[in-house]
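After this come two complexes, each holding subunit A, first together with subunit B and then together with subunit C.
Let's turn to the complex of A and B:
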């Protein structure tokens, strides 16, 4: 392995290339289809950086997705491909909305902690169902969690329609949650609330748990080889249950954070597709490493909010973000193929070489053939 | 094939200068110590790795397969260590798989069926054409794969240490099949570290050492000693000797243990015995006599129908592995999948599962990474696990190193009881001698050891006392093993000790 790869590992090269490909895709689509190219590009790419409030809005919007992506990270590291975290998120955001709207006359110091507790409990309760079915009845956890998500979506929609709906709102949305029930703003006039702090703390804690903790070792060991885990006396079932409970609780917390200041109404069509998409992909992009999840969630939220802003401005479909996210993940997976990766590495090397050459013409003898780097690429 | 060079640094094995010439219809052995580069060399031939230099000719034409698929197209088939059959298809369907030119071209299934049936008959295969692949034994599956490769028109079939997990009778069947296939003009490259297998099967043997092929000999002109010498340049490890056992308290008590197998047929039938601290009790018997099940039940990997297993008078009969491990029971039970090593985890993570869960290896509530690394490095050094770094994935380990890793993990845990099922299986003689020495050290430190010996040499070297199982029942007990005892009659079920004699083993 050469110096370049040491400083900038191939996995990071892959991630960066994939992100750039996603951005390039958006650029291309906008250039080819939008009549007002300049304005559209500005809205899409520069929008979140136009003001402090806009940037704060981006961070705030990414916060719930961070919780979801953290949940996905732990269950996927345990190789339990459960999507129950999405259901956890949905149910908890629905229940929290209902709880807050009903408890209108109660004081904030009671409502906010109680809502967080409800969210965690609801999230964990959802995740435990497919986990239990898998341990006890050997039901495929992916299948059962996806089916469960639809059940929950319908159930929460029912609650929305019959007990929370604001008839004055143009779409199927709940009444607005009063501001006094929102989480406290930690940086004034940015919209960045206490939830962001929680998300950052959760990322750090999960990172330590997974890579520096006993439970994390168990999670990764069960994920890597269930037979090894059985052989050394780790109970795969117990580890899988704990992992999924933890993930569900995190996603539930994300649901509460979403409702308490990010998205003050529960909107039928709002939370589900965007957040779940961002949550899962953000985890996939960084190989389920919690330390990088916030950055990754921020990137996908950036795509999503750019597309939403563009859609509000000119009616361009916001699904552009979903397509771009798909491009990101496809490129990422393609790069895992050694041959594709090889040419990419060469590209980056050339890039680095070009910069180095511009800075100084000395120290040019350190390059090594690309074939050797491939050794490090193989996973 | 001449002078293949490969700088293959990742897996800690480098091929420097390897050459091989194979004739049609020849069974050629590739012999070498573990880590000599045999597997890497074979991976190059089968297109899995690219060589850095050298030439490769097939039937007089230079070829350079870039992938296993391409190699298969050229007629070079390497059989995987794990079965490559589709479990949910029948033997016949597996044989037909991949025969159509593209996904849509029709198959003449009737004709093919006839062909496959005739083929199975011609080669005297045990499985029928309609048997599901998942019901096949490992040996039958391998034989089916050999035949499939032949049916697909392979010129060269490569087998990489296929017999590691088979009993002798089963290798006999495999060898007969290989000879028949070779007689049809197919070249066979047989990779192994077992001198005896080589001499029995192969026409020619190429010896490999440190990534270099050192010699090619005709099997008829050589002797086991000569081959062994060529395989390891330095002298063989001195024969392991043990002192007299200093017996302590009774650690393990098994009373009236019974288990059932798949077909509701008793596998163990009222087995009773005891093992004392500082004693190696060897359990011997035919492969189906229940030795393996006995080990699994004591370890907590399998459950019993009746009877009791006690460790220091703690009843562990119903306990899972977690429970038995808590009490200080270690076990080393090798299986075809080598379940004890996870290739996706690092060597350190594979080596230290008990330390990872031990509070002594934590600081401020988090794992003490430096202490863990120091311990991993110490064990890697002590057990001579060949790797560049403890953080590498365990996938890079050679077979012997993986076995040494398992031993290091299980032995270093200060066990009160060690269950060792054929602990040196598939390893080179050097590694086997090393592991035997470690087992004796462990015994001298006062660990009770329940051993199912890998072979008779190991029995003679290690056993303090012996128990013979026949069809799940205890048929003999020898309180002292001098070596060279005649146990065949007991093993084959021709004679059996009296109840009083057998009760002598059930001391409290």
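Let's turn to the complex of A and C:
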């Protein structure tokens, strides 16, 4: 059993259980509420794997979430629980949309890099406000960043309604960004664009930065203990500012990637994009480790794209995926408590025993309880 | 008159109207409930970020329970018929009562889940609240879909409004009569709540223990009390108050429609409390100021004005409040440093600080 724990540590077991709980939540809700159960389940769970294009769509939809989650993982490693990345994402995608729609006659080689620069600058500019308020004015960074998100949401909605709205589109949406301004497709006919490559590179770079670099060591040191970091000569304020700037820039880049090929219309009029919440939760699931962020972002986007496909098919709201994502994170938190983990294990054991007694066939359902049992052991 | 003058005129006439004052009262009522809840949470030493989720949850539960009960009692009678008129009074009365009860129950259940994570699992309060808030708003969306897709009885039914209090003496006042005579009893409850909360927090043993939970867990434990149990009791009050806020949010208007889901009002309430250092009276004034700004969106809705920018003013006001508070804090700190220096240099003797009974020590 110990050997198993070495190969598959309890923290990973907990994450896997939490993901399974999220999937089970979706399954349960669909089974209980949808009239056409079979078709709905097929669309939700198998839809993203039905064709190469659908799978490519899943990967490209996960790309902005990866950027957001990378940004979140940096700030959370520094224990600055700032949610300003959502605002960064919104402002940069809004500004990029406006810039690209305005610059219709300019060549692509100018537009695309300029849009990326604008996105990075806008994202960083948003993130720096709560960071500065926290460092210089000691304003609670969570609260100020959340309020700022709402402020930016409304401001960009104003931009959308007054300067880039497409009257022909059904609901409030901007004009579509012309295809020649999208990022280049790297694998033909899948929709996987250059942005995905950027996201993968960013994940690797951030992993190296955080775990093998000087700045990353500083970030983690400030997160672990601010006073100790002060004693060894780090300035907690400077590190926090740098971290949040970096996070904002990453989220801004995510906004640009989203607009340039993934979702070429700005559509968020007065409601936050689900992808931003997905990004934050994806970072939380893997304990802010950039190496695992792409995988968890892919999992959450899988839920989201399944729910969107279901929503297009039968009108069931795609928010189901957001609720499931929240359930994943909450179950993960709950399982970290030893008592909760133990009682979960006991419950599954009892379930298995009951089933054994009833069916008297030894192997039925014994696989899962065994895995659960191992998970109960504290690290 | 040019078009701009015309617009300006209609905007001003919208602001200087009884409608504006009425919506200030409406917005202020539910913000006041929420703020009182957040203050109770702060006194129990909890950063109640999940207040937003509690608002959403109680509003959704309350509204749909209300609409369902009302639809069941009306029994599908068409509007205008005698059967409709006969059943209407009873349906409305039972409808809002059911809404109130279910809203309270939903909000309290949500608070209890939050408390379980906070006090038992001891997970990160910010991340847990964030996830819970997402869960609340997402499940509200799913619920709205399920209800609308249903047999049509509930979806077409409108919820009953909370009844208003007819005070004949007040309604004869010259200017404010039309307003005060028609105010919901919830508004009066919201006005009564701060003094009641003040009494509970500062004049009773329970309040003392609660404040100890905010300031000094060790002292609380040393007296033989369980800190987390005290926190739980405080959070029950907090959850109840915020749930009342959620119920009033959707049901207090003259004609309730389920589109008024909170847009970060829980965070606004948190900002109001934190900008006022958790003081009751200051926070109540902050609620009034926020309501003055928030009601603008309601009355200027129909005019060709950028409504989203007016709504953004609300969040800007909250941020400005937080900034102002931090500025004051810094100033106060400097003043006290200067006083200390004077005392050290012997220019001044130590003044005995006047302390009012029951007023808690300032948090550092």
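The definition used in the following text is that the second predicted complex is superposed on the first by the 336 of 379 C-alpha atoms of A that agree within 3 Å, B and C clash if a C-alpha of one lies under 4 Å from a C-alpha of the other, contacts with A are read in each partner's own complex, and residues count from 1 in each chain.
Keep in mind that, in the parts below, a residue touches a chain if its C-beta (ideal position, glycine included) is under 8 Å from a C-beta of that chain, and two chains touch if they have at least 3 such contacts.
Computed from a prediction, not measured in an experiment: that's the story for all the values here.
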Partner chain in contact with A:208 - subunit B first, subunit C second, else both or neither: first
Which superposed partner A:230 touches (first subunit B, second subunit C, both, neither): first
Touched subunit A residues, subunit B compared with subunit C: C
Contacts of A:220 with subunit B and subunit C, given as first, second, both or neither: first
Which of subunit B and subunit C A:7 touches, first, second, both or neither: neither
Which of subunit B and subunit C A:330 touches, first, second, both or neither: second
Footprint overlap on subunit A, where subunit B in one structure and subunit C in the other make contact: none
In the complex, subunit A residues that touch subunit C: 29, 33, 81, 83, 133, 137-140, 142-144, 146-148, 150-151, 154-155, 157-158, 161-162, 270, 277, 280-281, 284, 315-317, 319-320, 322-323, 325-327, 329-330, 333-334, 336-337, 339-340
Contact footprint of subunit B on subunit A as seen in their complex: 208, 212-214, 217-218, 220-221, 224-225, 227-228, 230-235, 375-376, 378
Footprint of subunit A on subunit B - complex, ascending: 9-10, 300-301, 320-322, 324-326, 337, 339-345, 349-350, 353-354, 356-357, 362, 365-367, 369, 409
Sites on subunit C touched by subunit A in the complex: 47, 49, 117, 120-124, 126-128, 130-132, 134-135, 137-139, 141-142, 144-146, 149, 263-264, 267-268, 270-271, 274, 306, 308-309, 311-312, 315-316, 318-319, 322-323, 326-327, 329-330
